[in-house]
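Structure provided below as structure tokens; questions to follow.
The letters A, B, C and D name the chains in turn, as written, and every chain counts its residues from 1.
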Amino acid sequence: MCAVVGVHGTPDAAIWVRRALSALQHRGQESAGIAVADGSDIRVFKQVGLVSQALPESEILKLNGSIAIGHVRYSTAGKNRIEEAQPLLTECYHGMIAVVHNGNLIDQRGLKREVLMMNGTFQTTSDTEIALQMYAQTNKKTLDERLKRIGERMKAAFAMLFLTENQLAILQDPYGFRPLMIGQIGSATVIASESCAFTQLEQMSGQEADCIRDVLPGEIITVGQDGIKATSWMDIPRQRQRCIFEHVYFSRPDSITFGHRVQKVRRKLGQLLADVSKINADIVVPIPNSGIHAGIGYAEASGIPIEWALVRNQYIGRTFIDPLQSHRDNGVVEKLLPIVHLIEDKRVVLVDDSIVRGTTTRKIVRMVREVGKAREVHVAISCPLTISSCFYGIDTPRREELIASRMNVEEIRAQIGADSLTYNTLENLFAAVSPFAQEYCTSCYTNAHPLLDKFNLHTDNGYPERRHDGIQPHPTQG
Amino acid sequence: MCAVVGVHGTPDAAIWVRRALSALQHRGQESAGIAVADGSDIRVFKQVGLVSQALPESEILKLNGSIAIGHVRYSTAGKNRIEEAQPLLTECYHGMIAVVHNGNLIDQRGLKREVLMMNGTFQTTSDTEIALQMYAQTNKKTLDERLKRIGERMKAAFAMLFLTENQLAILQDPYGFRPLMIGQIGSATVIASESCAFTQLEQMSGQEADCIRDVLPGEIITVGQDGIKATSWMDIPRQRQRCIFEHVYFSRPDSITFGHRVQKVRRKLGQLLADVSKINADIVVPIPNSGIHAGIGYAEASGIPIEWALVRNQYIGRTFIDPLQSHRDNGVVEKLLPIVHLIEDKRVVLVDDSIVRGTTTRKIVRMVREVGKAREVHVAISCPLTISSCFYGIDTPRREELIASRMNVEEIRAQIGADSLTYNTLENLFAAVSPFAQEYCTSCYTNAHPLLDKFNLHTDNGYPERRHDGIQPHPTQG
Amino acid sequence: MCAVVGVHGTPDAAIWVRRALSALQHRGQESAGIAVADGSDIRVFKQVGLVSQALPESEILKLNGSIAIGHVRYSTAGKNRIEEAQPLLTECYHGMIAVVHNGNLIDQRGLKREVLMMNGTFQTTSDTEIALQMYAQTNKKTLDERLKRIGERMKAAFAMLFLTENQLAILQDPYGFRPLMIGQIGSATVIASESCAFTQLEQMSGQEADCIRDVLPGEIITVGQDGIKATSWMDIPRQRQRCIFEHVYFSRPDSITFGHRVQKVRRKLGQLLADVSKINADIVVPIPNSGIHAGIGYAEASGIPIEWALVRNQYIGRTFIDPLQSHRDNGVVEKLLPIVHLIEDKRVVLVDDSIVRGTTTRKIVRMVREVGKAREVHVAISCPLTISSCFYGIDTPRREELIASRMNVEEIRAQIGADSLTYNTLENLFAAVSPFAQEYCTSCYTNAHPLLDKFNLHTDNGYPERRHDGIQPHPTQG
Amino acid sequence: MCAVVGVHGTPDAAIWVRRALSALQHRGQESAGIAVADGSDIRVFKQVGLVSQALPESEILKLNGSIAIGHVRYSTAGKNRIEEAQPLLTECYHGMIAVVHNGNLIDQRGLKREVLMMNGTFQTTSDTEIALQMYAQTNKKTLDERLKRIGERMKAAFAMLFLTENQLAILQDPYGFRPLMIGQIGSATVIASESCAFTQLEQMSGQEADCIRDVLPGEIITVGQDGIKATSWMDIPRQRQRCIFEHVYFSRPDSITFGHRVQKVRRKLGQLLADVSKINADIVVPIPNSGIHAGIGYAEASGIPIEWALVRNQYIGRTFIDPLQSHRDNGVVEKLLPIVHLIEDKRVVLVDDSIVRGTTTRKIVRMVREVGKAREVHVAISCPLTISSCFYGIDTPRREELIASRMNVEEIRAQIGADSLTYNTLENLFAAVSPFAQEYCTSCYTNAHPLLDKFNLHTDNGYPERRHDGIQPHPTQG
């Protein structure tokens, strides 16, 4: 998923970025990095690992400069290499340029081929390098003109921050897939993937943080000594495609994402789910941490008492984001344990936000039944069935691994071993993010992919390829 | 604090210990280690860091043997060194002997002098080495006779597991300060600091776990091919001194410690606290994770709605246990953030389990007021005032650092900036662990130290020294 | 200095390259790396350190492929960073391309500006990246055509090997500064900076090694499945500029470099030096290892007995090559010690190949006199005075640090504390490499720099800058 | 093998020890360590690796104190573990005590049993820990009395330095197997395994170094504020057993060991060897570095010209000392290469100091013949046949691995593929170290082991065990 942060206008910009990245750590734990500009040079510090280890304060304090960008990363391709860590930095005709990226370009193969034909080079497999090469291949005089050209050439699902020796810039895709907010904290301008980063900086600096607004689709914003300048590279506005999964799972509950309070959306989903479910049960048990707010809503609407009966081992990392399946499996069984006396002999409704492969849920159901000794175990999911992979930056598994792509609800129920299984409806999902529900991308629930259709990127088996692996030179050249 | 684990009777004993240590990780994050016996040899694997990193499964799988002990450690003395990591292993006349220890010996200076006078040696500064040296200095023929001698010579606050080439043994102090339980999982015998380790092994192995019983004060238990044998090294039973802080803070809520369900004790404390507090407020906000169950109880008894309005950054480690103050401070401000719209303009009761130095609570109160924009911020603490350091294994700071040792409630309230501050009463604390309330050590709340009195270990300033630093040879010898 | 190796036509090409690099370790100890092609992909393994540690055999064995290139590096700029280690690898329109380089481009600033103006990018400060960018910016259809373009654009002092997915290629500068030889070992073609690499591979493989010939100035050679193809990118032949310092110091004595046996050249220099010197002395003591063969020649021609009276600590690295001055100083005093009884009360002639700063020689003279208790200490240098820095790949210090650039022979003698000091003559140097003496670059002894004159690269103070540090975009573009 | 160093009486004692250890690096490359006393405390710094890396000057500079001991180690048991690195430090009744050891105790099993029966403990497998335990088990009042007890209890082949908070002490075995010299440099007293360490410190400090004398067999020397005090723990003098291999191979040629100049002994052995050999040959080629001085002597006595025709790769470590056989093999073939034109078509005499397993020599002979294209290859060894393992500290392999223990000279010649093979005679070896030839241990050449006979330590197969592996408690005790 990744998170990006940009800070302009405070003498210790790198420290601000580090702190903001810490608040956004849930969006990526593989690597962390910062680039700082001091007016004449850009320096990068990045390492594999969590912010607290990868970016030690003692090192970051040495990075002087009043403009900085930062990134936390998780790997979509499973490679845990420092080479792929961001920011990426290069020197080109226009000077130094660094970039961080939250998103996933579609048609990377085509974009790379285009760059290569203009004599560009790629030293990593990161799609972010495409942006750097396009920047170097642009002859425009000003930063915003150059970004305009990049925006025109790129395809979907990008939220990028650029750093030159003396300017910070934002480039958003035409659909607004990924959240990106502009905030003001004292005299500093801060850009971040989620608003919880502003709260963190308010807490750190003692200066009030204002969420100014979301970055608009297609927008280019440059921040320099002359202030902020906003423009757009798009001629024709397109249908917004905000990622619904930010509300369901990815954003922190204390963030305001796409104009909605995430905690409220989740509680609302739980309330609506209780109406769908109508299970007779003794207790509602949210699966921590993903099901907490939906569980609260479910208990409120159903009148069934809530019990915090599953204890999470806080020293085992977040499951979803770990690139290696083997880690995932170990993690699950070490991470949750029941408080037996709260569950024993009870009819339990477990509330969670989604079932992906089904393996984790099956293990939890079995644990609640066998170790926890529940009488009945019902499962209620605050969202509809996840039936499609994501091609815009969420690391959902391939379609065939999604349990809901090959089984119906009753089959899934049998597979996870629950006494009953309830999913929320798409209508309820839309209701939770009303009134602009049509501005969301819900392709993971609908398998509708208008963008892939538009660029004709579906593969023979009906699904686009998700990874670039090798470029063949174009058959006819010149 | 530390945790200890012992396993006897399963071919992959080391893997069992590793998994149990993972469940006990909250008791120590500095180092982790395992010793395994295969009938003729003992091997140790230990490293600095969390279980998941310090004890990689691939390495632990290589440690064959059906008996094993393990340890997770946090440093009371602030040294983060592999030399201090446990298990400690040595060879002596009786063969190989490994040991793990949860506790804190009192009069270490005197015990060390005694060992040194018998020509013993110390290669670390760990008090656990005293037990190894005493073992080597014992001429008894059998394992339990040797442990009896150690029990007689040692002083207070120890729960130790010993491993020989073919036996596992337990040695408990005469007061039973630290919890230690015996469980049975399939045909394996498991000893662990907390019962959540049994639940974890039940979950891993698919075999039912039975909590057999607590290890008794003064008890010696040996586990070998001939089965379990229990005896005691004490002639005269003494007043039990179970650590009350295990219930208040240290144990996991899903553990049964000293016969009480920890989650229930905490909820009860919250209910009783609400009666003491009687604050008019709009919402109850538990401070995660330490105040969760007390907060639930508070809300139940007061009728004030609970809101989960503080979000915890799960990627920052547990505050209390970090040995370096500077880490502690950074940790606090990065770890918690408010969900502003839940708090804004509300009268808030924050519920937590204790105030130690007061610095953390002051920061949280200020954050809830300034960042969260609460109208009023009340603080309710589920325990009495912490007025004394612990000399039996809890890493509370020195007495002068405890805010409640130098200020009364009103002064503390002013210091932390709260609109009101309520502490629970000692009577309520006893009520929550009734009916055997008199079997608990509550010296951190009462500053009564019968044990130190008994051994005449108070220093001139009224408090015993907490660290051993250098031995001068006894002036006259022989 | 660096060394490069290329191997084509053996299934374990990477292991061959590793072994050859080990034989060439004297040319660079900072980092070592290998790139291997298997027909469809190229993989790189490189690390900081000596070959034996940086390229562990267990890792190199995993690099399958029948074509490989390798590099050992020492830093001219003092940065010991993995980013600067070679091979460099990138993807471009023509596919994957890796490169290793022995040499030093002149006018790097101009070359970089040219590349940047064509929208190229630089991610390291290594001049080798210029070649990669030029490769990507070439529209030619074939590998040799592309290298021809690079040859035309580059300026002086390069000996490069390129690796594509299925071809190995060589590119030599028009002057032939750096040695590069083609050998045949069994059915494999091997390119190496020195012939001792062939001897090493003969020794390893048990197959006879043939030194086929030197790579010619301006030559382009490609090696692929269709065999070897040699061509040239030069229209007009230029005066060869072989580096004389390869004979004096850099090459191993068992190598044949530029057609001369290095050991013989050095012994000859020693013989000729004895005629110049005519010192009355009791013993000749070569300074190990640099003065060994000149010392033998000196003893032969003078009739003075040779004594191996200086013992070298083989565990301290080669002095000259260490990028940090502080290391150099420590190294000297720890590296050599006298066998006192061989020297005591004797008139000693110390024979070495050069005096650079004078600090090392002064320390040795003093040690031989004071610790060794020699009666007289004479110094004889097998080469002329080193009066100019090198701009073509040898890491001699800046001109003002060269003692012979600011002092005459008598002043140097006084400075190093010797009883007499003799340098060889330029005529003798030429005689030792006759008959093609005019094909050598002797600018370090003459301060004549025809190449810098040609490109008008002298700086205001009469000497060119040796490092690139920052590019300003060209004022007018297009 | 190992080397030890002690320094008393200079404020930067640790830096002096570090420099001396660097000069003694040839005696051990596995680990290096220093212990420093400042009057009230002892600190240890030790790491795996060479002195230059394991003991960085920046770290050693922090170790204040005017008394220090140091150690470089090679493993006899093949374990490359920091746990085995010296100095060892412990606390006991007498205070802090650190120790370094050069030697190899015999009957370690018996000594360990004795220590264990007195309730001692062992935390490493190093035999040096026996000395620490014996120290702790001694009730004597003064340092020299305690060492006297240790001397009486230990068995053979030890040269130890002890460090207390304010004293340095030496303990030598009754036979004087290992060299140990006392030197004076300015006002500092220095103890070292070889005199080259004094030369190094003279060179570093600019103060004259005097070799005072060898430590005597059975001697105890203490150095403190009150000066040096020498005594002995032996009642009856015993036959000295100086290790002849120090002259043959181990000591540096610039050292004076056991009163002989090592370089002279080796040259003399070469001269005497030429008389035995009487080969007709064209050139003498010493095998560097072990055969250099014997080769010079051989050429002098035979009149055959010497050629330095084998080039040693100085970046590959010393072969003999590497604990792992696999490293040994790789090392050999990468380490030496011929200068072909000096050897080609010549009758060559290779001179070396010993043949151990025969594998290295066979590879060199083959390389000189096949790669070097020699017409004839004769081998001359400056010592007699090595027929027995060493039990006193030299890491020769087990007897059955020694080629000369199972083959006669003609068989060895055939095995190594030489045209002729000559060994020196035992008489010549004695002649080279006359007049006190009877004071040397030559058991590796004679297989006579009077010491093992004395302690009745021969095993059933006629040879003692060389490793301790596991102690069984004595059946009857007390």
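Just so it is clear, a residue touches a chain if its C-beta (ideal position, glycine included) is under 8 Å from a C-beta of that chain, and two chains touch if they have at least 3 such contacts.
Because the structure is predicted, anything quoted here is derived from the model rather than measured.
> Which contact partners do subunit B and subunit C have in common?
Intersection of subunit B and subunit C contact lists gives A, D.
> Starting at subunit A, how many touching-chain steps does it take at least to reach subunit D?
2
> Where the centre means the average of the CA atoms, what chain is farthest from subunit D?
Centre of mass proxy via C-alpha means gives A as farthest from subunit D.
> Rounded to a whole Å, what is the gap between the Cα centroids of subunit A and subunit B?
38
> How big is the gap, in whole Å, between where the Cα atoms of subunit B centre and where those of subunit D centre?
Their C-alpha centroids are separated by 51 Å.
> At least two partner chains per residue is the criterion; list those residues in subunit D.
Correct list: empty.
> What chain-chain pairs meet the touch criterion?
A-B, A-C, B-D, C-D
> Looking at the complex, which residues from subunit C come into contact with subunit D?
Going through subunit C, the ones touching subunit D are 19, 22-23, 25-26, 29, 50-52, 57, 196, 199-200, 202-204, 206, 252-254, 261, 263-264, 289, 292-293, 296, 308, 311, 313-318, 330, 333-334, 337-342, 367, 370-371.
> Using the touch definition up top, name the residues of subunit B that touch subunit D in the complex.
It is residues 40-41, 89-95, 116-123, 132-133, 136-139, 471, 473-474, 477-478 of subunit B that touch subunit D.
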